[in-house]
């Protein structure tokens, strides 16, 4: 196995940054959306569901392309941000957004499965004990959703670690700036001589995900114990 | 919007075939693996978990590359199959396998979240009533896992519909044979004139996933009613 | 509390129709399994919306289909002891107990946590999770959680069904005292006539979703006396205990009573005496094993099933005895008759009257 | 059934230690809340593995830490009525009931589904899902499911706690008859001494995880007589009913008895009579409201708490009456004394003896 | 274009050595993706494309500095595979599977298809073609023996370990493979970018390109 170059270490650091940021950023939104879909009746619910699942159905490259259209200089959001001096594309932020968008449906789905298993009588109990909706949300639904959140965020983290298609479009493939592990692997693999380097990076990626898996399992076990 | 060409219809048909086949094929395995991880204690469990989650962590292209190594003419499994006259690579079967492998971690994770929510006393109850493990599995654990299975297979189906990276490597991009929607989109998008065609196909893909989403929601609701 | 409830709620073939107004702090709900008791309290708590109708509690409209009012559960301040407990699986016993307490406006927080935990015998379990508790332990946590919410109205759905008698009769007086002390009215569901008699004044009786009777628990006890295993329960306040020949002698407003129960520390207390445990004589009986013989006047008679309730007055005290009509005819018992009532010393049963009860070795 | 169990199981601070051998078809388990009753039956069913020890049921070793034997639950054919019901949420009532039945080897399938559903009053609910059943309905499904499994041993963890008295006393004789007819022994957990006395012969008493006594339910009833609200329960087989002055006159082997309960169709049956409801006289009492006066001989005396149990023989019948020691001294009651026992007609309580019971309007 | 990675890396390193103040930010990707990125505001100064199509696209959108558009280099189409499989276009009929880039999205594939047509063997090969995502993927198939050979650029084929160049496709069968380059409109205002752009025209650049197998004329 070939030793890693400084650029590879950069890629590893960037990948970790992106995955962690994307996961943490998405957690509250994922929880909120799963809650809306599971417990609240409102018009346009189906639309929301479709919207969330879109990034799953489309090839990541297409997602990336749409994100580029949205966040680019002439994009609906990009032009607004441009005015206040914020540029997202070709920055690590764009990579984070790409990972977050692509992994979001996975997160939401996991949290939903967990939420749907909550006994509605527990929610009833908390309300008769004086808890308003937001209170019940934080003290009953949230803690009982932890297994789903843990599972969902581990899916999301892993997915972010492997996200390539959307990232390369909105963030570019700039070594040391936006080149994450998958992008680096792509570059190595593009040349017949880079194969072993690509493999090394692959193994790093696997190792990271194993560690994260362990952490999550431990967290899930802790959450399962009530005392 | 540009009208679809016969090749596009082929791509749609192929995509549906691949997604349906991949989902149906994976369901029993997904259930079995989720069951093993949730309920059975055995050595090498962590290894199994890591193995299943691998395709999530790695960019799909890399997954495709490993599949090629495995299933190719000189691959470990491919050479065996070659002897009995089966060739997978560059066929629709390879596309199905690619989709199945990439979507498998999503399926397993969903089923697991559902399974972990099953009250262990129900399993105890069935066993005191004379049910052996396989019986309990089919009559208690399976029906109570249906929400997880439904959610997981809808994730998997959507993921298959959008699968590009691994498919293009192991199945090639052969119009009418292995060119699924994402691959067709990729081709259209590669040339400046194909943009609107790419968009049309994207919309088709979204429409399919909306329909599937509805079907799944309906199924999940039916499964939730106990009477 | 003044509760008026005129609602209808259907589940498939089952319909619960209620139309009553009830006043009082201690209301019982009585009825066979599946008669709609749990549904009724769920409607009151705001967990199930009636199909139509109106609910008014102490002048506040909780629900009205005409005026489109439906107060949310947390606005009603009605706490509930769920039949299936419904404890929060992610919280330990202490935090389950404190869930409602913490959410109760500070000015209403009155119930003392430590006393409650001690009476419910939960003090040793506070840091345990609730998933592995025993059935009775779970039930006590559910009860404690609702009480600590210091609600405006407390709904209790068979809150004592999983408890042994000792514990049950220690908890009942506590419940009563909490309700009195802090002015918390309650609705109490139970299949036990004894609990009903001890815990409630007014009783609503349900059958197959319909209210079949509203009566005082006194009336209910009289009506059911004929069918009940324990008959009518006389409640006697006794005090001034002294010992004689190793037995306890108490003062009752109807005279001196000899009891085989009691406790050297208990100089006073509430005791129960079943109507079945009183035998009437027209003449003073001789050589009788019963230790108490009261000289009484019959001040009333009522019928229940095929039995006759005889209201007796012994100086300042009153008692209800139960006899068969034939005996009344034969003995010539009628309003104004003078009779001797024989009661065994062992027929009395002491009910603890304050939250913390001491061990109770018998008198001797 | 012959069950010997010498096991230990700890949960944190709580330890359940069992060391007993019990023989008989009807075994009771008695103890305060949290004393380890549910844990005991879970161990027997194979759901909780003891830390160490040995369990032998009818010569078959179910568990032995020394020989590394631990039969799986489905190999034990021990069905259980769970305290928290544990119904299958995805099956309707019928399929919940039939779950064990279908898995029972055909040669053991004996219990009749239709009769069971009728006795448990579940016949109208068979196609309902179980999630929305009332508490008592759930409990009956749990009970029916276990019985229909036609097990080698039936474990019942407070199976009647959520039921009203009418239903409870209709189900009890059915349970007994099923057990007798099909030879299914059972372990029965209850907090009710009445149920215990009716359902069981041998009783194991637990306290804080330790076996504190193994006795017959007869003995337990005598021992607890002093503390119990219902005293000792005499069970009397009565038959040959005739009517007199609108009351029922039954033949008992100890003589004729006048009852205010019963039913014109019921020419025979099992009745209960509390020891508290018997008053003893040395001389024939005059003008007494009690309708039955039996001439008896004292054949035995036993003490319980501060009370005295008096075993009486009236021709062929025996009864236990309860008096205080002072009364015994005063009346000079001792072995061999001749006394009159007064019993009110209303003191008897009929227990249905077959599964399907009819409505029971009183005699009159 | 991604196929230029090594060349551009070397050229930019060389240039940076001489001009210490210049810092390179390189973005490798498919020509189409790069063009779209520039269109949506990617802050780039120099654009090198693998085909003329995307250069025209940017020209039309007024994003490329028209005056600067020039040819960076040329490439030639070859057939690479295990030795002995084929030695001319005519031998292709005997083969089982042939990898080409997807004609619609990969210029090399498009050129190969054109060559088949011109050579009159397109019908014969129709069922044997495996369309790859890009040139590197076609070459990988050839390397692993999944196909008998692949139509790839000479520069790629030279890096292969297993596969050898079996024959070069006659230039009369396909148009010349041209890599155009240009300064973007923003790049034309950047002095360093202009300097580098000029450097790309120079002899230094030519010798490096030759080293990697590109044709410079």
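Residue numbering begins at 1 within each chain, and the chains themselves are lettered A, B, C, D and E in the order written.
To be clear about the criterion, contacts are C-beta pairs under 8 Å (C-beta built on N, C-alpha and C of every residue); 3 or more make two chains touch, one makes a residue touch a chain.
What you see is a predicted model, and the numbers here were worked out from it, not measured in a lab.
The minimum number of touch steps separating chain A from chain C is 1. On a Cα centroid basis, the chain most remote from chain B in this structure is C. More C-beta pairs touch across the C-D interface than across any other pair of chains.
Taking the mean of the C-alpha atoms as each chain's centre, chain C and chain D sit 25 Å apart. Averaged Cα coordinates give chain B a centre that lies 57 Å from the centre of chain D.
Chain A and chain E have Cα centroids separated by 35 Å. In chain E, the residues that touch at least two other chains are 140. Shared interface positions of chain C, defined as residues touching 2 or more other chains, are 84.
Looking at chain A, residues 61, 65, 189 sit in touch with two or more other chains. Every pair of chains meeting the touch criterion is listed here: A-B, A-C, A-E, B-D, B-E, C-D.
Partner chain D is touched in their complex by these residues of chain C: 11-12, 31-34, 37-38, 83-84, 121, 132, 134-137, 140, 157-158, 161-167, 191, 193-194, 226, 229-231, 245-247, 258, 260-261, 274, 276-277, 279-283, 285-291, 305-307, 321-328, 331, 333, 342, 344-347, 349, 362-364.
Against chain E, in their complex, chain A makes its touches with residues 61, 65, 68-69, 71-75, 78, 82, 87, 89-90, 168-169, 172-175, 177, 187, 189-193. Residues 46, 49-50, 53-54, 56-62, 65, 105-106, 109-110, 112-114, 116-117, 147-148, 151, 154-155, 158-159, 161-165, 182, 185-186, 189, 198, 202, 205-206, 208-210, 213-214, 217, 224 of chain B are the ones that touch chain A when the two sit in their complex.
On chain A, the positions that touch chain C within their shared complex are 119, 121-122, 124-132, 135, 139-140, 143-144, 223, 225-227. Across the complex, chain C meets chain A through its residues 45-47, 72-74, 76-80, 82, 84, 86-92, 99-100, 103-104, 127-131, 145-146, 149.
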